[in-house]
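A quick write-up on the structure given underneath.
Think of it as A, B, C, D and E in the order they're written, each chain with its own count starting at 1.
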Amino acid sequence: MARFIKKRSKKTGLPPGTLIHIGEKVSEKTRITLWEYDEKDFKERPLESLDLCFPFKNDPTVTWVNVEGVHQVEILEKLGTCFSLHPLVLEDILNTDQRPKMEEYGNDLYIVLKMLDYDDQKDEVVAEQVSLVLRGNIVFSFQEKGGTLFATLIERVRSGRGRIRKTGADYLTYAILDLVVDHYFLVLEKIGEKIEILEAKLLSDPKASTLQKIQQLKREMLFLRKWVWPLREVLSALERGELAQIQESTRIYLRDVYDHAIQVLDTIEIFREMLSGMVDIYLSSLNNRMNAVMKVLTIIATIFMPLTFLAGVYGMNFKYMPELGWRWGYPIVLLVMLLVGMTMLIIFRRKKWL
Amino acid sequence: MARFIKKRSKKTGLPPGTLIHIGEKVSEKTRITLWEYDEKDFKERPLESLDLCFPFKNDPTVTWVNVEGVHQVEILEKLGTCFSLHPLVLEDILNTDQRPKMEEYGNDLYIVLKMLDYDDQKDEVVAEQVSLVLRGNIVFSFQEKGGTLFATLIERVRSGRGRIRKTGADYLTYAILDLVVDHYFLVLEKIGEKIEILEAKLLSDPKASTLQKIQQLKREMLFLRKWVWPLREVLSALERGELAQIQESTRIYLRDVYDHAIQVLDTIEIFREMLSGMVDIYLSSLNNRMNAVMKVLTIIATIFMPLTFLAGVYGMNFKYMPELGWRWGYPIVLLVMLLVGMTMLIIFRRKKWL
Amino acid sequence: MARFIKKRSKKTGLPPGTLIHIGEKVSEKTRITLWEYDEKDFKERPLESLDLCFPFKNDPTVTWVNVEGVHQVEILEKLGTCFSLHPLVLEDILNTDQRPKMEEYGNDLYIVLKMLDYDDQKDEVVAEQVSLVLRGNIVFSFQEKGGTLFATLIERVRSGRGRIRKTGADYLTYAILDLVVDHYFLVLEKIGEKIEILEAKLLSDPKASTLQKIQQLKREMLFLRKWVWPLREVLSALERGELAQIQESTRIYLRDVYDHAIQVLDTIEIFREMLSGMVDIYLSSLNNRMNAVMKVLTIIATIFMPLTFLAGVYGMNFKYMPELGWRWGYPIVLLVMLLVGMTMLIIFRRKKWL
Amino acid sequence: MARFIKKRSKKTGLPPGTLIHIGEKVSEKTRITLWEYDEKDFKERPLESLDLCFPFKNDPTVTWVNVEGVHQVEILEKLGTCFSLHPLVLEDILNTDQRPKMEEYGNDLYIVLKMLDYDDQKDEVVAEQVSLVLRGNIVFSFQEKGGTLFATLIERVRSGRGRIRKTGADYLTYAILDLVVDHYFLVLEKIGEKIEILEAKLLSDPKASTLQKIQQLKREMLFLRKWVWPLREVLSALERGELAQIQESTRIYLRDVYDHAIQVLDTIEIFREMLSGMVDIYLSSLNNRMNAVMKVLTIIATIFMPLTFLAGVYGMNFKYMPELGWRWGYPIVLLVMLLVGMTMLIIFRRKKWL
Amino acid sequence: MARFIKKRSKKTGLPPGTLIHIGEKVSEKTRITLWEYDEKDFKERPLESLDLCFPFKNDPTVTWVNVEGVHQVEILEKLGTCFSLHPLVLEDILNTDQRPKMEEYGNDLYIVLKMLDYDDQKDEVVAEQVSLVLRGNIVFSFQEKGGTLFATLIERVRSGRGRIRKTGADYLTYAILDLVVDHYFLVLEKIGEKIEILEAKLLSDPKASTLQKIQQLKREMLFLRKWVWPLREVLSALERGELAQIQESTRIYLRDVYDHAIQVLDTIEIFREMLSGMVDIYLSSLNNRMNAVMKVLTIIATIFMPLTFLAGVYGMNFKYMPELGWRWGYPIVLLVMLLVGMTMLIIFRRKKWL
């Protein structure tokens, strides 16, 4: 659970805009990279904290500033001062337990969402908060942990594939959102595979640990839904086209991402109901196995109790028990015992217990 | 599950409009057929990839271009170029994992939905994505797999039955939608029959496999709902009459399809609740059978344990046990045993265990 | 289920407006009756198929044409031609698997709904589709099966009780709707009685068949809701007063029917929750009975196993067992056995198992 | 159930406005009382059926006519005629199975709702229908059964406490609504106490009857919700201030009652979920007890079966069984038996079964 | 339950505005403190009941009057008279069982909500009602119990950290709301920890008391939701900016609190679903343990019943039982017994029961 719910208690009672990092401690240094591109040019340069306040030109060149790691509060603070980002925006960037949302602060469009990835080694969903600030031709992106998540997108910009070099910062924002939602599909595919494996196990060899894994997947679905549901609203608001920062030509692409987000939600709902059905199957298989155990017990008891009773009768020490003296008494009793046993077995076979 | 959830991961990180086929590999070649008709004439001709860019005349004649198979990306690309279809439309046509939706791209009306059929041999629901592009008097339809699904409709156009030859391309669009929704009823009827068969089995001979089949049907209901629910919205939007591409006279027919779609959803809901009720019956029948097994065990134990004890008593080797020497000791004990057994049976009969 | 879900597959692929009867085959002939009335006069006359095209006068006299049985397609077709009913209206009248709805076709107001009755002999709910067409001063009503359902209403018109003779065709439409909704209460009363009987059984003597009956009632509730829910919307639309065909003075009465429909829905919901609670009680009573059975077994085993063991000990054939030679060995052992048995019984009584 | 669902079947097929009393038969005579008050004066006088048509003056004096008992149709009819109440209003007053609602009939505001009280003797919720008609400065109130429910309110008017004597008939209407909703809290408190008692029982001594009582409370919650939910809508409509009959200054008080109604609904929901949780606890306690029973059985069987077998071995009659001749054979076997038994007990203690 | 649902029955039938304290009896005296501050100055002074009617100046200085304890009705009454607070406001302040809400009374903005805290000693959630009245530059706050809840906020004002000293009374109102919602996160963190502890117990050692604790947490979630849900509406209304009392610049901060409230609700929902999943795990673990018990019983019975029977056979007293006379009869029988036992064990191992 610690993976999903973070401690906010540090902030209780502090004034709004107080910059405190909420989230996992990351030891790496914050890395800031800046890309500038237009249809002809593409420049990449790492930013040192010294030159954070680079001169900002509102010309057709698109500027993308990517910040990897938000735990170094002082760097974020400096950046905020240089570009006069709203204190609440800075606070939300540092607090990595945000609900996905979109907000306008003057000309800035602030979007926060969750990037998901599937960590094959730890076999679990890894979530990272991504904040975007769109202002004119500049896009700031803040990654909670950093890493190679934006690599394919940067490569696309560099190579000039697709429309991205011919379009503005709003299209870049769209491209980042698209990348994030595409990763949701990746994660859902992984979870779909885990569900299939669990289902096979459920039928071949149901164990208590299987139920636990089902419940764990159900829980991950809860968190996925918690993150994707508000994103849907964000995308819907972006696509509706009432925002000055989004050009008309980009809206058609946002509608596409919006559709994908809905599809992600549909799949989450279906997975949830599948997992619920699996709990039912598990519980009934427990019942079935209990039934099987009880049948074995009943068959054994039903066969041997009458036989043991019979043996007990002829083990009595009465003086006058004529059968005991009979020449064929013993074989007859053995035969009777055999008959009783066989009859029981036939009855059980009739009842389909065997 | 592979039948319903398709791998989208190939597309992660690619620019929008990149044409990649997502779906089952189909080996057959893409077939393109063109029909032209008006009230008097009807012409059919297969299109080779060479003459895909046929001259497009916007005269009262309705033109219907049907593409069977969307896996040959280059043909789709050529068609897209000839008729300048929007890249996102082409991308969605190739991606056979779309959520049903309707979108306007300039004068084009793009509709995507799921055609369902019931494969009697494999005993399962077969889904195929159908995309429609309505532009003026021309309708493009794209079938994921192709086949005879449109046969009855083409025959109707050819023979000139009904109003279809007297109306425009919007009515043709309606007719295709109507055909698709009619097939939903076919599929639901089949599923209804399967539910009835399962119910009979549930009462006569409940097995673990019965529960599995119930859960499988529940799952198919989930996917049906996933496909029909957004279609309802599509039809509602078409019927509301705010689209230039749809003529007033066609709206009354679209309202009819819309009603049918709602009825399909109603039936899906009812099937879902019936299947849930069946799970309850299954679980309680497991319990009932356990009860029956336990009763047998208890009856046997309750009858023979006291008797065996009695036999054990007279099997003791004490020197001074006067009963052992009695002349009628043995018969009396046998009689007592009979009485004890009978009493037990009577008690069980009173308790309605027998 | 066949009672509630009808085969629509006959219609797949046919053009809209194709007249095909969907529903149970009824052998009786279609009967058509015509009533004309105003404040002073009341005339009844049966219509032969010859004079279906009776001259239609739009004077203050209200004309009510009731068609019993919709399986004779040719008669419906003729009526449709005479009065130029819309083909989709005719198609819907013949298709007795309609969802309740209201539609305007030019000046015609088309309403379709389900008349319910309780067949005491078959002990089940009987549904019949009723279609109404309101055009000016004429009301067409189409009953799926016919019968005496409208008898009380016709008698009321004939005798001139109430306001009906003083009002127009819209009030007649209201009166029919009111009659239908009143029958829903009748049906719910019957189902309420069945629920009470089932509940009594559930406590006195729960059986597998009781659960089946509960599930069956739950299912009937599903269909009732499916029919009444859309009717509520129909009545709401009628009552809202945006329809030219409905006079202002009639709206107050429609509001009344609308209230009744909501009350029917409330009762359906309550019945559904009651039935769900009954499933819980049933399952727990199964558990309770299993508990009772297990207790009997445990008591028997706990009493007789130690005793049998004791008897077994003194049944051993060791040479040196001093007890066997004691004068009072046997009575002492019997006494010990008695004490052990009594102790067990006291323990069970303490545990409240007895 | 008869307490909550009333027979409406008497009314099937009758014209609207037909006055038939639906509800429990009450033998007492209908009592009508009239109060007139303004800031200075307060007059009370019982009304005989003779002077029902008292002259109605629309002066600042507020007139309140309270009718206790609605089963005497002829008195209601006369009152209706004198004051020309709408026939549908009269019908609804007589039909004591109304859903709470508010309706305007010309200048009349008709409100119907359920007064609840807790009958400590019968230990059940008692419901009574109260109808209010507000016309100018006169308020008619109709109680299904009559009784002392309005006593505190009348006393308040008489003594002139609070604002009531300084305000108009709309404030009186508010005061009645407030009284009714206050009684809902009383009833909920009683039910809350019952839930607490049941919960204690559930833990100390769960019985089948406990489950039944839980289900019964759940059912009472269903009916409470059925009555309060629409009342919320009524109060919301009154409070919204679009009604000419309600003065601006009264709205603030109606908002207060509206808040209380929502709080009643909140509490009902919470009670419902608590009761559902109690069903879970009950079912799991059944399981726990079964577990306990099974453990006793298993412990007894596991201890005595091996011992009995051992005794059986030395009860065999083979000629050559050297142990039987040993001097210390018997004590050794007894010792072995003791050891086996002790070992079993230790194992069970390790498994925490003891 | 008494902790959450309070007795309102004292108020039944009383006129609105009657001041009666509803809630727990608190013995401490009501304490009233007044703070006045602007950008330069900060003054604190305790108010005696004598000088409650301090002169109220509507200058830029913000005045904050905090009342700790609302059980001394006469003090509240005096304050109400001095500042002419609306009687309904006073009544709601005294009634500590309010649903969170916001209401406008003329220029006064009245907000009531629940302050939550986690009492580590009693190990339970502690709720306290906080009422706020915002009038121009003055804020009245009423705490049900008083205590140090506002301490951090007062300290912040005193030290002049953040924006609070530069802003008006609306910002102070925001700061109080923010503090309250921050405490919700604290409480949720505590509950999250309790859930984790319960989960660990559920797997290691499930007991009936574990289920009870789960149900208790579920119930606390019900009450949390009941208090936070309406607060969300209050914050949404404040943030929407239609209130004259809230300045434009404060709205951005209220939007922030609104986001937090939604996040609290999200977490509550997730906790609720987690707790439901834990009930499933608990029930299935009960079943699993029963299974384990039954297996032990069955294994014991299946091994020893046949052996005891065999011993019984050779304990019979027939004269002619040749085996009894054999030299190696006894060892052979012992060997057969060993073989039978071993075979049984192997079978159980194959079935994975051991």
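Everything that follows uses one rule, which is that contacts are C-beta pairs under 8 Å (C-beta built on N, C-alpha and C of every residue); 3 or more make two chains touch, one makes a residue touch a chain.
Computed from a predicted structure; not experimentally measured.
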Chains touching both subunit C and subunit D, listed by label: none
Superposition of subunit A upon subunit C: rotation angle, C-alpha, nearest 5 degrees: 145
CA centroid of subunit A to CA centroid of subunit E, Å: 26
Between subunit D and subunit B, distance of the C-alpha-averaged centres to the nearest whole Å: 43
Junction residues of subunit D, two or more chains touched: 283, 287, 290, 294, 297, 301, 305, 308, 312, 315-317, 321
Chain-level touch network, classified as line, ring, star, complete or other: ring
In the complex with subunit D, residue positions of subunit E that touch it: 1, 5, 7-9, 11-18, 86, 88, 97-99, 101, 103, 105, 208, 211-212, 215, 218-219, 222-223, 226, 279, 282-283, 286-287, 289-290, 293-294, 296-297, 300-301, 304-305, 307-308, 311-312, 314-317, 321, 323-330, 333-334, 337
In the complex, subunit D residues that touch subunit E: 152-153, 156, 161-164, 175, 178-179, 182-183, 185-186, 189, 192, 195-196, 203, 252-253, 255-256, 259, 262-263, 266-267, 270, 273-274, 277-278, 280-281, 283-285, 287-288, 290-291, 294-295, 297-298, 301-302, 305-306, 308-309, 312-313, 315-321, 353
